[in-house]
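Here chain A shows up in two complexes: once beside chain B, once beside chain C.
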Partner chain A sequence: MTETLFEKIWNSHVVVERENEPSLIYIDRHLVHEVTSPQAFDGLRLNNRKVRRPDLTIATIDHNVPTTDRSLPMIDETSSTQIKTLEQNCKDFGIKLFGINDPNQGIVHVIGPQLGITLPGSTIVCGDSHTSTQGAFGAFAFGIGTSEVEHTLATQTLWLEKPKTFEILANGQRKNSFAVTSKDIILSIIKKIGTDGGTGHVLEYRGNAISDLSMEQRMTICNMSIEAGSRAGLIAPDSKTFDYINNREYTPENYDNLVDTWKENLMSDPNSKFDKSFTINVEKIEPQVSWGTNPAMVSDVTGTIPTPEDYGKNNEIQVESAKKALAYMNLEPETPIVEIPIDRVFIGSCTNARLEDLKDAAEIVKGKKVNSNVNAMVVPGSQMVKHEAEKLGLDKIFKDANFEWRESGCSMCLGMNPDILKPGERCASTSNRNFEGRQGSGGRTHLVSPVMAAASAISGHFVDVREWC
Partner chain B sequence: MIGNVIKYEQDNIDTDVIIPGTYLKIHDYNELATHAMEGIDPDFPSKVKEGDFIVAGKNFGCGSSREHAPIALSTCGIKAVIATSFARIFYRNSVDGAFLLPIEIDDITYQKISNSDQLEVNIEKNEIKNLTKNEVYSMKPFSEIIAKIIAAGGLFKYKK
Partner chain C sequence: MEPFSKVTSKITPFDKANVDTDQIIPKQFLKLITKSGFGKFLFYDWRFDQNGNPKNDFVLNNPVYQNSQILVTNENFGCGSSREHAVWALKDFGFRVIIAPSFADIFFSNCFKNGVLPIILDVTQVEKLLKVQDSVELDLNSQKITFGNESITFEIDSHRKTRLLEGLDDIDLTLKENKNIENFENNSNIIPIF
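The block that comes next holds the complex of A and B.
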């Protein structure tokens, strides 16, 4: 019988399986951060439980850390308490923590791969929906809630219903592969399949347009799988994957042997059956800009803001939601995207704040200045990314152009720390969610790629970055 | 379960409007609850009463894995969210922590239920009675697994 990659990973992790019951799945790696873990640790204490495998559990602090000078005391007391709580919990339960001043601190989904913790064929959980990022390595990586965090801490397993499989086949060659990025591919996919198109499914991205991508570009794709409602996203590992993980701090010792078994096993069998399938040709994809309040409300950069009727196509709820979104975003139908002025630019988040993202953005910014009406910042995904970028002199390029260059963390992706939009401010953001209030109450988010964000920062409005390179 | 409906005629009500990110630092459930639904309806915490139901369109709870979302709603007194569909993680969080019941209905039922209607929800019979309008609807039954977790009172009490 043929099996998909997902089924192979699932089957090799089943501890208990019975018909019409959830399966008990073994979890290989558990990543923990400060926001979704405190109640889980409280629960363990209350029931006198230990962490079953502290050696497979790794914690960092990312969501509410300040991205300004960290030698100064934190102003926000509740954040500071949450951070101290995680420090104490890690100490009490014997968990390795990459704390606020650790050179390995960073956004949880960025540090897993860069430390060699994320391995092909493994199961990875974290109390955070964008855990799906790590599916780019051929791992079944998915977000869980706090009760499940507690369950994983206590048992290193989870009861799960087996998700269905969904093949996303991306073929063709991008026209300008510098200006049209993997962010534009995934936004185009979500635009087509919708924010609930993947519900109950694990997406497997396949086709030459996916294998052409670098590992960091693949992570951007898998990162946003959750914005299509899916449980996780997966890409079969190949030589790029194996090279990326090699020689990292936590790369396993028997790495070469592991690679040999992965090469043999970790792919969907020819002719294996997916429950659903969707095909996209990337040739015609343009740089994308979101105009609404969910990640399926997206336009080509050469396009215009749609009318609610065009967007909703006779579906009354959809028409209404577009009207509401446009009111919130303060946008008029039929406005050309390139005429929309912006106030802020945020290059950051687990979607687009790895080294390649910053390199590409710097390429656009080099020798230019941020528009005087715009306030722009770069928040590297991890301290390691920041350090490597500084070695390449990227910080200088950004700072010379009047970008702020910050310490790593989630920052303005979700506005838990002081980095937030003011009400009414409009932001070109490389993050993944444009929900109302996501970047600060009343703030207006447009999702774009790092090169689009960089070019828009210089111009003061959206521009077709293809004209720049 | 009998309660009144607070209806939001919207799809994709996401976790950032249910409980905005800035409040995720709050550890105290009661304080968290004072910010529930702040993103779309700041009056929500003052108007909601113990036992009320939220009724909404599809993909309710999309977005983050924050368990704070069902916690904030349930601490306000919400016993069930009745929607045409749910985002997966919200659905599981609601059931796993035994915070509230995520109940799926079809589009026609969704249209029939109005704001402030009084409903009686019976999960044994998979039935929703609209006491205001004197109508009876069916709800989508829970899968066997979910029904078991609900019956047990959450994931931790669910034993093999």
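The block that comes next holds the complex of A and C.
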């Protein structure tokens, strides 16, 4: 019988399987951060339980950390409490922590791959929905709630209903592969299948337009699987995957042997059956800009803001959602996207704050200045990304153009630290969610790629970045 | 966990689609290190104005629904982040049951871990319930919602139903499988990080 890649990973991790019940699945990697873990550790303590496999668990601090000078005391007391709580919990339960001043600190989904901790064929969980990012390595990686964090800490397993499979086939060549990025591919996919198109399914991205992408670009795609409703999205590993993981700080010792096994096993069998399928040709994809309050409300950069009726077609609920979104975003139907002025630019997040993202954005920014009406910032995904970028002189390019160059963390993707939009401010953001208030109460988010964010920062409004390169 | 059996309550009609976890509990309130105390922040940006005063036109501020334990809402409820704080906030506010045509996966699973029952019904049944003004009776054992002379039957996975009815702790149940977990660990190529 043929199996998909996901089914192979699932089958090799089943601990208990009984008819008409969820299966008990073994977890190979558990990543922990400060926001969704305190109540889980508390539960362990109350019941006198230990962490079963500290050797499969790591922790870092990313959601709350200030991105300004870290030698200064933290202003926000509750954030500080959450951080201290994680430090104490890691100490008490024997978990390796990449703390606030560690050179390996960073957004949890950026550091996993960078440290060689994320491995093909493995099961990976973290109390954060963007864990799906790590599916780019051919892993079954998904976000969990705090109860499941506690359950994984105590048992290294989870009870799961087996998800269905959904093939996303992306073919063709992008017309301008610098200006049309993997962010534009995934936004185009979500625009078509909707924010609940993938609910109950694991996505497998396939086709030449996916294998053409670098590992970092693939991570951007898998990262946003959850915005299409899928807890996980994955891509079969290939030589790019194996090269990326090689020679990292925690790359396993017998790496070459592992690669041999992965090469043999980790792909969907020819003719394997998916429960659902969607095909997209990337040739016609333009740079994308979101205009609404969910990641399916997206338009081509050469397009206009749709009327609620055009957007919702005959679905009354969708028409109402679009009306509400336009009111919140303070946008008029039929406005050309390129005429929307912006106040802020955020280049960062687990979607788009890896080295390649910063390199591409710097390429656009080089020798230019941020528009005087715009406040722009770059927040590298990890300390390692920051350090590598500085070695290449990217920090200088950004600072010379009047971008702020910050320390690593989740920052204004969700605004749990002091980096937030003021009410009414409009932001071009490389993050993943444009929900109401996500980047700050009353703030207005437009999701874009790093090169689009960079070009918009210079122009003061959205532009067709294809004309810039 | 407290066992779940019957709920008799008015329905809070909340006719919105794609309600995301950032709306259910805005991120500025995620910093508590306990599970309780989130109810006062539920739907904060919709419930309160910029000065922190309740908005009179928001349904949860309507005194009619003050003790309601059943929230009826629309498609794709709970989309967005994995934050369990969203369920803690709903439960802390008083909701034990959430009814919608569809839910986001992580939110759906988080509900069961906290003794909150998410029920999927088709759109026409949801629309009917949105209009019911009297108290309804929900019985998990018979999987029925009764109002006036009518009743609606709902589906629930039998495994999850038992856990809710008995208020069982997942971890205790899993630790009974310890032999199986050990067997798996001894027979699989698990690669330690360190």
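Descriptive notes on the structure:
Keep in mind that, in the parts below, the second predicted complex is superposed on the first by the 469 of 469 C-alpha atoms of A that agree within 3 Å, B and C clash if a C-alpha of one lies under 4 Å from a C-alpha of the other, contacts with A are read in each partner's own complex, and residues count from 1 in each chain.
We take it that a contact is a pair of C-beta atoms (placed from the backbone, for glycine too) under 8 Å apart; a residue touches a chain by one contact, two chains touch by 3 or more.
Please read these numbers as outputs of a predicted model, since none were measured by experiment.
After overlaying the two complexes on the shared chain, residue contacts for A:Arg231 are found with chain B and with chain C alike. Contact with neither chain B nor chain C is seen for A:Ala139 once the two complexes are overlaid on the shared chain. In the superposition on chain A, A:Val259 makes contact with neither chain B nor chain C. Judged by the touch definition given at the top, the superposed model places A:Ile117 against chain C, while chain B stays out of reach. Judged by the touch definition given at the top, the superposed model places A:Tyr250 against chain C, while chain B stays out of reach.
More residues of chain A lie in contact with C than with the other chain of the pair chain B and chain C. Of the two partner chains placed by superposition, chain B and chain C are both touched by A:Asn64.
Legend: residue contacts after superposition of the two complexes on their common chain; A:Ser147 is shown touching both chain B and chain C. By the touch criterion defined above, A:Val385 reaches neither chain B nor chain C. Of the two partner chains, neither chain B nor chain C is touched by A:Ala455.
Overlap of the chain B and chain C contact sets on chain A: residues 16, 20-22, 24, 35-36, 38-39, 43, 64, 76, 78-79, 81-82, 85, 127-129, 143-148, 150-151, 159, 161, 195-196, 199-200, 229, 231, 294, 317-318, 320-321, 414-416, 433, 435-438, 441.
Of all residues in chain C, only 17-18, 20, 22-23, 26-28, 30-35, 45, 50, 74-76, 79-85, 87, 102, 104-106, 109-110, 113-114, 157-159, 170-171, 174-175, 177, 180-181, 184-185, 188, 190-194 touch chain A in the complex they form.
Listing the residues of chain A that touch chain B in their complex gives 16, 20-22, 24, 35-36, 38-39, 43, 63-64, 76, 78-79, 81-82, 85, 127-129, 143-148, 150-151, 159, 161, 195-196, 199-200, 229, 231, 294, 317-318, 320-321, 324, 414-416, 420, 433, 435-438, 440-441. For chain B in complex with chain A, the touching residues are 9-12, 14-17, 20-22, 24-27, 39-40, 57-59, 62-67, 85, 87-89, 92-93, 96-97, 143-145, 148-149, 154-156, 158, 160. Chain A makes touch with chain C in their complex at residues 12, 15-16, 20-22, 24, 26, 28-29, 35-36, 38-39, 42-43, 47, 49, 55-58, 64, 76, 78-79, 81-82, 85, 96, 117, 119, 122, 127-129, 143-148, 150-151, 154-157, 159, 161, 163, 195-196, 199-200, 229-231, 250, 252, 258, 294, 317-318, 320-321, 414-416, 423, 433, 435-438, 441.
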